[in-house]
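Notes follow once the structure below has been shown.
A, B, C and D are the chain letters, set down in written order, and residue numbers restart from 1 in every chain.
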Amino acid sequence: MNNDKVIKIGIVGATGYTGIELLRLLATHPNAQVIVITSREYTGIRVDSLFPALRGFYDHHFVEPKTKHLYKCDVVFFATPPGVAQEAIPDILNKGIKVIDLSADFRIRDAALWEKWYGKTHICPELLKQSVYGLPEINRQHIKNASLIACPGCYPTSVLLGFKPLLENGLVDTNNLIANVASGVSGAGREANLDNLLAETSDSYKAYSAEGHKHLPEIEQGLKDIAGSSVQLTFVPHLLPIIRGIHSTLYATLKVKGADLQKIYEECYKNESFIDILPSGSHPQTRAVKGTNTCRISVFCPRDGDKVVVLVVEDNLVKGASGQAIQNMNILFGLPENTALDNPALLP
Amino acid sequence: MNNDKVIKIGIVGATGYTGIELLRLLATHPNAQVIVITSREYTGIRVDSLFPALRGFYDHHFVEPKTKHLYKCDVVFFATPPGVAQEAIPDILNKGIKVIDLSADFRIRDAALWEKWYGKTHICPELLKQSVYGLPEINRQHIKNASLIACPGCYPTSVLLGFKPLLENGLVDTNNLIANVASGVSGAGREANLDNLLAETSDSYKAYSAEGHKHLPEIEQGLKDIAGSSVQLTFVPHLLPIIRGIHSTLYATLKVKGADLQKIYEECYKNESFIDILPSGSHPQTRAVKGTNTCRISVFCPRDGDKVVVLVVEDNLVKGASGQAIQNMNILFGLPENTALDNPALLP
Amino acid sequence: MNNDKVIKIGIVGATGYTGIELLRLLATHPNAQVIVITSREYTGIRVDSLFPALRGFYDHHFVEPKTKHLYKCDVVFFATPPGVAQEAIPDILNKGIKVIDLSADFRIRDAALWEKWYGKTHICPELLKQSVYGLPEINRQHIKNASLIACPGCYPTSVLLGFKPLLENGLVDTNNLIANVASGVSGAGREANLDNLLAETSDSYKAYSAEGHKHLPEIEQGLKDIAGSSVQLTFVPHLLPIIRGIHSTLYATLKVKGADLQKIYEECYKNESFIDILPSGSHPQTRAVKGTNTCRISVFCPRDGDKVVVLVVEDNLVKGASGQAIQNMNILFGLPENTALDNPALLP
Amino acid sequence: MNNDKVIKIGIVGATGYTGIELLRLLATHPNAQVIVITSREYTGIRVDSLFPALRGFYDHHFVEPKTKHLYKCDVVFFATPPGVAQEAIPDILNKGIKVIDLSADFRIRDAALWEKWYGKTHICPELLKQSVYGLPEINRQHIKNASLIACPGCYPTSVLLGFKPLLENGLVDTNNLIANVASGVSGAGREANLDNLLAETSDSYKAYSAEGHKHLPEIEQGLKDIAGSSVQLTFVPHLLPIIRGIHSTLYATLKVKGADLQKIYEECYKNESFIDILPSGSHPQTRAVKGTNTCRISVFCPRDGDKVVVLVVEDNLVKGASGQAIQNMNILFGLPENTALDNPALLP
């Protein structure tokens, strides 16, 4: 650890919710020096005039995404829509600059699969091999030496962390997995979308994409990696009338009854500072992780039957996106993993 | 039908949310004449001083629950906590008065099972045989001639209606059913409970009673009745930060792939005015049934696999409680089933 | 009254919140027959495919706004953005068809003033004289014989009804009036606007347009009409994180202390079925009028000083827009004023 | 400044929202060592079993309020209901321990006035003289040497900071002040109160205590101190369906028109790190201060008339309570005033 290390940071696409959240979290990071903040739409505007909550923390103006100022960075975060990071990343990697990509561009190793779900041709499939999936609790060793980190999606983070102890220990039928997940509306991004108006979304609840959501191939890839075998997942996302928070309710069928699941979960994550296995019988709530990088998990075996129920909560913008991105940066630069990520939730 | 029929009505326990909702719905019922409104706690108080939204509709005062005025009624609704209705109902039935019980007292036919889940001794188990389970879409013929109707719980209504077409047609493995359900906080009742404060519940989401919820035996009894065989249900309820609305996401495993589920669902409910099967590919939202007695259902078979996903929404206070109670009353008194239940949802 | 009268109705611009609300309310109106529903954007689409809450109530498709089918109507409602109604109305009036305009086009009698605040040239200022301001509690006699009714804005309805008893009786200094008003987000319309996303608006509160809001000239015109003298109003609107509801907190300075304000308010509105003066000491809440055409009002004189505080609540989409429009229609066609507007609020 | 100074801290009454918020904020304070956390109700229980959001930050158990462990503290915070702090404080002060009282017990200098509004006899009125009103932006010099600090109420903080520049400069008529304020429900405390259930409060808005609220005498005392003359305030609080946040809309009448109010406000607070005067024409929102000790203020003079409108936002639990308490502690112990209070708002 080197407390006075300074990391020069660029953020590409800083006007979406994951971009703003990076700025919020980096504002209190002792080693972070944000030097470039880009936005196509708001070039020339002061960042804090668009986001008054950042007044006093940043005096930057947004600059064009294709700026040479990025070359002065030690690391560049991409918080961009699908397909955008692909265009800019090769050039930046060539300069020896680290890249942490919060978008979906480099998460799926199979380019054809990516192209099917995202409806675009992948520009630099050759980088997919080099890309490291940035879920530290599963992939920490590879992250340390990565040059390109693909941060996991918000749903995949939650589902993979929840199923990991079961799959790793071969406890459940991998062809009968169910993930019933619910996300706050910030997961849909900061876009003028009729469906996400308060008057349309508040005081209501619905499932969406029940026929297939684009996070599904990413999750199945991750589950296969952990299980070392094929998996079949039924994945149904829902929209919660809250701002932040993902709650996953996972269902699996035990191969053999009677395992001490509580102990297995505690053991699996005993060295992880961001994974908190709740005491037996407790139920996690999304508010208890609001604004934090913590993932809280409970495990149940109702009526001691053959079904296991796992409950997982995370803040979709922190552990599900920008906090995890900073956790990756901390690992990459040899800092304590919880630097700038060590605060309690804002509750109530 | 007799449009000028007058039904004299008593409501016992009218200060909880299902009681208030009865008053709201009966205010526009052309045949209803509410003559007695009881409340232990508020005896002597004007109803509309406690509930200003009812100003102009009721000039009643709350009276003691054990009032002889109930004897003048044609029907008495019980909207009381578990165990209360049992005490009063035998006497009222003896006077030849119909009873529609919104509480859990007469829903489970097995008294021992009831006693296990509700932690009390059942006072009049002999009435359980006579009691008719008031889910018209399953039990309409028995309701017509009932003297004691046990209105289903809010979760059971939604889960039973959602699984019915699958079970009736023997399409799924009955030992692998999952009901992932979510309810607005009005489902927890109008009680001063720290956990249901806006500051504790809003902008958050959680599961509860994952180890076993008291609606589980009621649902399993109903599923068995439909399936004609044993069933195994995993049932996980969640608390939504909304006032009204239940959303059930049901999962089952098909015995044989390839059935036209959309058609099967439409066929099953084609004569039901309160069940609306949405067009293929649509997802129901709780707000689209807010304030109505309608249940909207969608059915999916993701990636044409062996899992079926059913989405069901209802207003927990209407189709899940008071609206269904009035639907039962309409059947009982030979009125059109949708009398006073024929309005669109309050949306937005 | 003529219960079997049928009114043929057209709705122009039925995809905004006031248009949808007209459809919701007219669905239960015994004399209403909606024959034309227009939408530029959604021409050809079934109305209930866009608004599933209306399934079972309308089988119409949206048609082009400039349709001759409007000529078959007895009355046409305009629920359009500023400037749109002006273009179509002259032709419709010429056919002898009644027009009820929910937009701002004909509310302000001074065309120059309208043009200043709405930033457009008024197309048919000659109709301004003929237009009748549709606030029945102030203008009922003129409404009966009107051909063109300009429905008041949501804020003006609330502020005018709240100040009326004070101004009519000459009790307060008309140059020191303050209206601190707060509206739910449905008041901003059904438009894809970043600022009204749940993630931007929920769990927050703010004032807006403190330097001058476009409802100000309409309110000042109405206050002058009532007071018969010049008025000075400070008007500050706020955005509430709720869907429906306007709450106005009005402040004025008494010329003479000691008047029995409670009695004056009750007397003023004693014959009005949609105005409910609450008992002394009560505070109205927006939820207690949700979905209704009722306006609830309380009046206070804190510490018996010279300031009077008036609290007014209404549902901005009902009494503040579509309900009031139907109230006007009922008056125009000789129906009981509360036809289809006679239900209790949806509470909780 | 002494960065390695350790302050031993006791918190009396740590289970209300201001107590929990102290724990949240102190968790990241580099000089704070919380050694005693009391609760009458939860004695013996682990703090983080009651508040899971604090898991990993505190391993304390709640102890009895009357514990001698408090004597080991350098400072004791009281986060107790009215009347409780009075009983315990004299003993603690006698031991030479500093006290920061977040309750209302020592805010009002006139014991008779306190007794009138709080309905109790004051136990130690002699301490009122010694007590220092803990609003640093007004009273910083006295705070430095205080032994007993009375932290201002949430509403008073907002109203006093908003009016200060106007009163200090003698710009407005002090007998015609209006404060229209709105608070999130956490302001009502963590108590099982029917009125604050999500099902009662959400999707609604109301004024309360329009006839006189108990913060009124505290505000008037503060305004008089600033103005140096008598004041007359009309104060109407409202309940917002949000968790945190106070928004004050202040109205005053200018004695002379034409002052550069923007400049006066900026000048008044130019050295204050927690007061942010927004650019001219901007409106503050409560969410932009969520979780922070910042107070954001805008000033308007609508239509260049004689009325000034001031908009003030704060987080009622931070600048309106616990954050301000820690700001006071920082001053008292010679630390940088923003220690542990230097993070951006949680937005979105």
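One rule holds for everything that comes next: contacts are C-beta pairs under 8 Å (C-beta built on N, C-alpha and C of every residue); 3 or more make two chains touch, one makes a residue touch a chain.
None of the values given here were measured: they were computed from a predicted structure.
Between A-D and B-D, more C-beta contact pairs join the chains of A-D.
When every chain is reduced to the mean of its CA atoms, the largest separation from chain D belongs to B.
Mean C-alpha positions place chain A and chain D at a centre distance of 36 Å.
Work out the mean CA point of chain A and of chain B, and you get 39 Å between them. Centre-to-centre, using mean CA coordinates, chain B is 46 Å away from chain D.
Within chain A, contacts with two or more other chains are made by residues 17, 186, 190, 199-200, 202-203, 241-244, 284-285, 287-288, 290, 348. The touching residues of chain C, counted against chain B in their complex, run 17, 20, 23-24, 27-28, 49, 51-57, 186, 190, 202-203, 243-244, 273, 276, 278-279, 282, 284-285, 287-291, 294, 296, 317, 342-348.
Listing the residues of chain A that touch chain C in their complex gives 17, 184-186, 188, 190-194, 196-203, 241-243. Across the complex, chain A is touched by residues 176, 178, 180, 182, 199-200, 202-208, 210-212, 232, 234-236, 238, 240-245, 247, 249, 251, 253, 281, 283-288, 290, 298, 300, 302-303, 305, 307, 309, 311, 313, 348 of chain B.
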